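These notes open a run of structures that come right after.
Consider the two complexes below, in which subunit A is the common component and subunit B and subunit C are the respective partners.
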Partner chain A sequence: MMEAVLRIDHLDKSFPGVQALDDVSINVGANEVVGLVGENGAGKSTLLKLIAGIDQADSGHINVRGREVSLHSVAAANDAGIGMVFQEQSLLPNVSVAENILLGHEKEAIRFGFYDWPKLNQLAAVQLGKLDAKIPPDAQTDTLSFVERQLVEFAKVLAIEERTHHEPLILLDEPTSVLEGEELETVLDQIERLREHASLIFVSHRLDEVLRVSDRIYVMTNGRCVAERDPKQCELAELQQLMLGQALGAEYDRKVTAHAVTEAATVRLSVRELRRQGCYDAVSFDIHVGEVLGIAGVEGSGREVLCRTLFGAEGVDGGEILLDGQLMCFGGCDEAVQAGIGYVPAERRTEGIIGGLSVKENMTLAHLEEVLLGPFLDLKREKEVASHWVERLQIRTPSAETPATNLSGGNQQKVVLSKWLMAKNLKILIMDHPMRGLDVGAKAEIFVLIRELAQSGIGIILIADTLDELIALSNTIIVMRDGYISQRFTVSETSPTRLQILEHMV
Partner chain B sequence: MFSTNKERLDSTLKAFAPIMVLVVLLAVLGWIQPSFLSFYSLRVLVGESSVLLFLATGQTIVILFGGIDLSIAALASLASVLIALSVHTAGAPGLIGVLVLTTGIGAAQGYIHARAQVPSFVVTLAGLGLWSGTALVIAPATIPVLAGYPVVGWLNSRVFGVSTSFAFAVAALVSIMVMLRWLPFGRYVYAIGKGERAALVSGIRVVRVKMLAFALSGLFAGFAGMEMVARTHSGHPTIADALLLPCIAAVVVGGTAITGGSGGLGRTLVGVLIIAVLRVGIAVVGLDPGYEPLAYGIVVIGAVALTIDRSKITIVK
Partner chain C sequence: MTARGHQLPPTRRPVLPTGGREAGSPGILRKKLRFWGLLVALIFLCIGFSLAAPGFATILNMQTIANRSAVPLVLAVGMTFILIHGSIDLSMEGIMGVSSLTFAMTILNSRTDLDFGLFAIVLATLTGAGFGAINGLVVTRLRVPSFMVTLGVWSFSWGVAMLLSGGRPPLIRDQMWRSFGLGKTVGIPNLVVVALVCLAVGYVLQAYTRFGRYSFVIGGGEDLARLSGVPVDKYKVLVFVFSGFLAGLASVMEAARIGVGHSSIGLDQMFATITAVVIGGTPLSGGQGGVIQSAIGVLTLAVLANGMIFIGVSPYLQKAVQGAIVIIAVVGATWHLQERLRVVK
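And now, the complex of A and B:
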């Protein structure tokens, strides 16, 4: 056993009604990558927050390099050599890379109260050099790609080393959750490189990545650390089983394809030669009753904008949208909602739910007409409707009156789904990364739900997190590249392989 | 994420804090000046607060969706001038015409704010200049109301021992309370206040809701102007201007968050009473009325610091 950089003993943390962490003990060795896996609500994020100094434990001890520390603030954690790379990027867009990297610690590069730019850039270059990143320190941050910005985040955390004269401990909270393909590889390679300069705790929902990068894996369920595994002697299935505490049902068997849609089924939504300047062009497709249409494409392929257009959130410059044969011209989301279109946004926390409103209020928000009595809200009926959906979708919440922000990601997503499902006229449901950031169990549930919805006759447009999910769920797949549809696949007995789809994406 | 026990206790304390402040203020004043707690002086006190109550009610609706209306007091002054001018010749229809006009002005401000995406404080700050300028141009000095006075004079009477204007203001407040609780409009106001993007993506007509909120704010500015005319028998171009800060103070001291989405009109009623008592209290303890704005300033900062929804704020500007 290497000398422990971080040793955590018997940490407890509780929130009202929830024991978030229950007697958790872990340790991290020097230059070790420790993977942390578990379902949403298992306590991973809470644990990271305690280590990063964002939240404080109720009891227990945290030792850094053999000394007990009190991590009462982010600054205190920084001083102890601990830095966190946040899920949502935390860089300032309007200043240079170097300024971001040294933000708050630019003292060395300040002379007579002014920035010594060459010195600042040089200090930043040292950090970027550790990652072999070819990003000019004087570049403005918002000109960088998502992945490049992620690297700048890494460099920023690495700068702790110079300040504490120790190699830092870096906490990575789902650094890969929004990445695909080549970008994903870049970040995973960087994690390998980070290991030479730091110790890492790596949290991800993608178990294959955790298996690949980690030296050791801790599995958490219900606030407890239930297992410690060596990735070399551990299979994906075993991890899943440990996380869930039971074997995965056949429901999540991705080889089971969606139910067949007959050619003769009526067309629900028809898109003809749709065009939006600078985003996409000549986009045409039909969605039949009960069909799941998957859209594949890299960032910038135009698929996200296309979805937003179909929901009325963006305008069009040409082409037609026909819903049940009727020409649609959406002036805004409200008109799309009226017409029977629902949208599950990728940004769940800002666009999907309103955290401060209760589960019930979130559910009925889009279709209050379903619970009206004359012009007034029928609060009793609203309560009934909400309980119905809580039960129907098995939403785990203390009650329908609980603020939505208190729910885990998967349950929040179910609230978003029920918001649309309660409309009697729902015809099309657009789902933008519906499983983003969800754990295996919640994914499986959403997965089954999507199938059921399709079977009930709703047309679904899907942008999935991974190609596997897309292939497993879709009846038809269209691939977008640079704003055009580059290929179409029909998923029947012979599904397209990931490679086949990928070929047309890039 | 989750709220801790301490936070829950805090929020309970916060919910009752305004009422406790009111009770303590009354007790202290009653101790200093026992006659203050007499029926007569309390009746005067509530009678004095009707203008503030109108303004604070309008202000609350706008603050609840996350905006602010800095023009409301100037619009009330303009309304007083227009009412004074119109009741002479046009009588009651003239009064109604002015109320429709202020409602329309409010709606227009709301439309510009929501459609052109101009922050509400900018739109209404410009409105403040516009409406007080207009009032001064129309009437550089006091306009006495003589012949047409009965059109507004009924406000100056009493029903069941309380002043009609106060009863009317409370009734108006209660009807808006009902709207906020039982109509979709109310739900939308809170939803926009708590999370505007999610509200938009849920298909809520955000522009329409904001317009309606501002229209109501304009209507209540008109009511305030009307009450001013009833009380002073005249219209004056700056008659309500000094009430802008007190009306915002009343909303926030009642416990409505300046960031929107939490609070309500019941709280505003308590807030208005606190401000009214504070005002009388300054006189009772023998301080110069010049100290009043100072007190409002302290109240605004203190109350906002206590009630602001920090989870919503990423950047403070």
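And now, the complex of A and C:
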């Protein structure tokens, strides 16, 4: 039996209205990678925050290398050899890599109050060397790519080793959530390398990754640790089942849920030869009543700008947009909203919800006229409308008065959706990565919702996170490359494969 | 209840438990605590001064305190909306100067032959609103931060006020307005009545209108507001117009009280107003707060200033105490953020 670097016994933590952790016990061995999976709101983030010293437990014990510790602050956790790599990167963009790595612990590299730059760079190089990363320590941080910055984060956490004379315990909170392809591989390889210098707790929504890199996996649901699995003897489906209590994945199967859009259906939105200088050109398509139009394309293909144009956030340099046969010329988003277009942005936290406002206020802010009585707000009506949507979309919240920031990602996304759905005249809903950062359960619910919306007659424009999602949801897929539509697919009995779509993307 | 908005096909899935717990969420709880905490502090302050100085708890002194709060309260209502928007308005003192002169020179006065009567008030408040519109239009059209714009307009309007005044501040000769400014209705000073009406209007605007709701929305996330189709620029201009209008009204009240139009009539009002609003619980960061809290903030400052006179604190020290209080209040308001790890942007 390996010596446990970290042992957690019977941890409890509650926030007003919710028991976030309920009698959680886990342990992490030396140089072990422990995977932590669970739905949004299952308590993974809370657990990590307790271990990182950001929050404190109500009761329970935390032992580090056999000694009970009190992790009352991030500094205390650091002193115990625990470091966290955050989902949103926490590097200063305007200083050098070396300064970031040794931030707050530059002591050795300071002489008589002045920076000893060669020494500082050398100390940073030691940490980068552990990762075999070829990043110059004196480079300014904002010149690095996302993945390189991620490696700098790793190096920063590894520096704990020199300070505590122990190999550190590193907490990774979804380090891969925004990565794809080669970049993803680089980071996963680095996690393998980190293992030689540290113990790790790895949290990710991508279960295949967790299965690949972990030595052991804990499954959490509703604040409890419900299972412990060996990835070698465990399948993806089993993990999903443990997380949800039911098998999942059926929503990806078109045969189960797909709905057909008849050729005869009325055209909702018609785009003719739309052009935006330097972004896209000659874009034409129709969206029928109840149709989901998926747009595939890499970053820079023009699809994001196209969506913003349709929502009035960008101008056009040529072509026309017809909504229900009427020529549209949006001077701004407010005009697009009035015309019956909704936009679900990719940046949910900053563009989707206002954290400080209540669920209710977030829901009604785009269409206040729905709850207006003359010049005054009808607060009673607003409450009714909000509770209706809370119930209708099964938004898990103590009440409609709860600040939206207290909700989990999936439930926040449902609030964003209801914001648009409450408009009686909603005709087109543009969804930019609606499932980004959601766990499987929440994803499945959004999946079903998108289909229901389409069935109710709304035209949907979808930019999805993965091609699988796109194929599963769309009736029509257009592929964009360098600002032009490079291919169109009609998805019916036979779906295009990912490869077929990919061919036209790059 | 009838379903509003888009009709979806009926749900097929069972309704999941929403964990209907009663306890309010941490955000709501904290706001309530802050509000009641301030009220309790105010009451303790009153009790303390009453015990220390027998003259404090008299009807006459209460009237003095109320009178002292009237003009700051009117200004604070405007400032509250500005701060909820996440903006700042530093031009109030200058606008008050111009407006007070506009008022004093168009009502029966010692300098001009004009006598517009009631219409003088309209002119003065419109002048204020006009300068507010300049603030709002420069902020939204030219995209200059409100801090710089209103600082400029402050200086500009003050300059205009001094030009108008020409070193000979006009005395108000209209006896009706003089007596209104100094008079009482059933024991309540008239100016206090005006201020309370402003507060009531402010509260209705805040809680029951689009103007109020959008203030919170824009202050909470301007990008999001734009993406949700909120005409952000329109409401930003409106909030500066509103604030300018109230600054104009405040100057009329002050001019009616002291009987003269003066370029420096708003001197020291801005700092006191921002202090009162922030103490009340409307942070400079926007998206939160409210006019009722600001009213309590105004009262707290007035009680403090008045009480300090009673217990014999030097007027010079009073200024220092006011400054210290605003810092303490801000520290108190942001205390809960101290332990949290803030992501460096």
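Operating definition for what follows: the second predicted complex is superposed on the first by the 431 of 506 C-alpha atoms of A that agree within 3 Å, B and C clash if a C-alpha of one lies under 4 Å from a C-alpha of the other, contacts with A are read in each partner's own complex, and residues count from 1 in each chain.
One rule holds for everything that comes next: a contact is a pair of C-beta atoms (placed from the backbone, for glycine too) under 8 Å apart; a residue touches a chain by one contact, two chains touch by 3 or more.
Predicted model only: the values in this text are computed from it and were never measured.
With both complexes brought onto subunit A, simultaneous placement of subunit B and subunit C is prevented by a clash. Touch criterion met: A:A313 reaches subunit B and subunit C at once. Of the two partner chains placed by the overlay, neither subunit B nor subunit C lies in contact with A:F285. Of the two partner chains placed around the shared chain by superposition, subunit C is the only one that A:Q394 touches, whereas subunit B remains out of contact. Judged by the touch definition given at the top, the superposed model places A:P375 against both subunit B and subunit C. When the two structures are aligned on the shared chain, A:A20 is found in touch with subunit B, with no touch to subunit C. Of the two partners subunit B and subunit C, it is C that touches the larger number of subunit A residues. Contacts of A:F86 after superposition on the shared chain: subunit C is touched, whereas subunit B is not. Once the two complexes are overlaid on the shared chain, A:Q338 sits against subunit B and subunit C alike.
In the overlay built on the shared chain, the residue A:I354 is in contact with subunit B and with subunit C. Residues 15-18, 311, 313, 332-334, 336-338, 343, 345, 350-357, 361, 365-366, 368, 372, 375-377, 379, 405-406, 419 of subunit A touch subunit B in one complex and subunit C in the other. Across the interface of their complex, subunit A is touched by residues 1-5, 8, 181-184, 187, 190-191, 194-195, 197-205, 261-262, 309, 311 of subunit B.
Contact residues on subunit A toward subunit B in their complex (touch as defined above): 15-18, 20, 46, 311, 313, 332-334, 336-338, 343, 345, 347, 350-357, 361, 365-366, 368-369, 372, 375-377, 379, 405-406, 419. Those residues of subunit C lying in contact with subunit A across their complex are 1, 3-9, 11, 13, 15-16, 18-21, 23-29, 204, 207-210, 213-214, 216-217, 220-221, 223-231, 287-288, 339-341, 343-344. Interface residues of subunit A facing subunit C in the complex, by the touch rule stated above, are 15-18, 54, 73-74, 86, 88, 90-92, 311, 313, 332-338, 343, 345, 350-357, 361, 364-368, 370, 372, 375-377, 379, 384-385, 388, 390-392, 394-399, 401-403, 405-406, 419, 421-424, 426, 448, 452-453, 455-456, 458.
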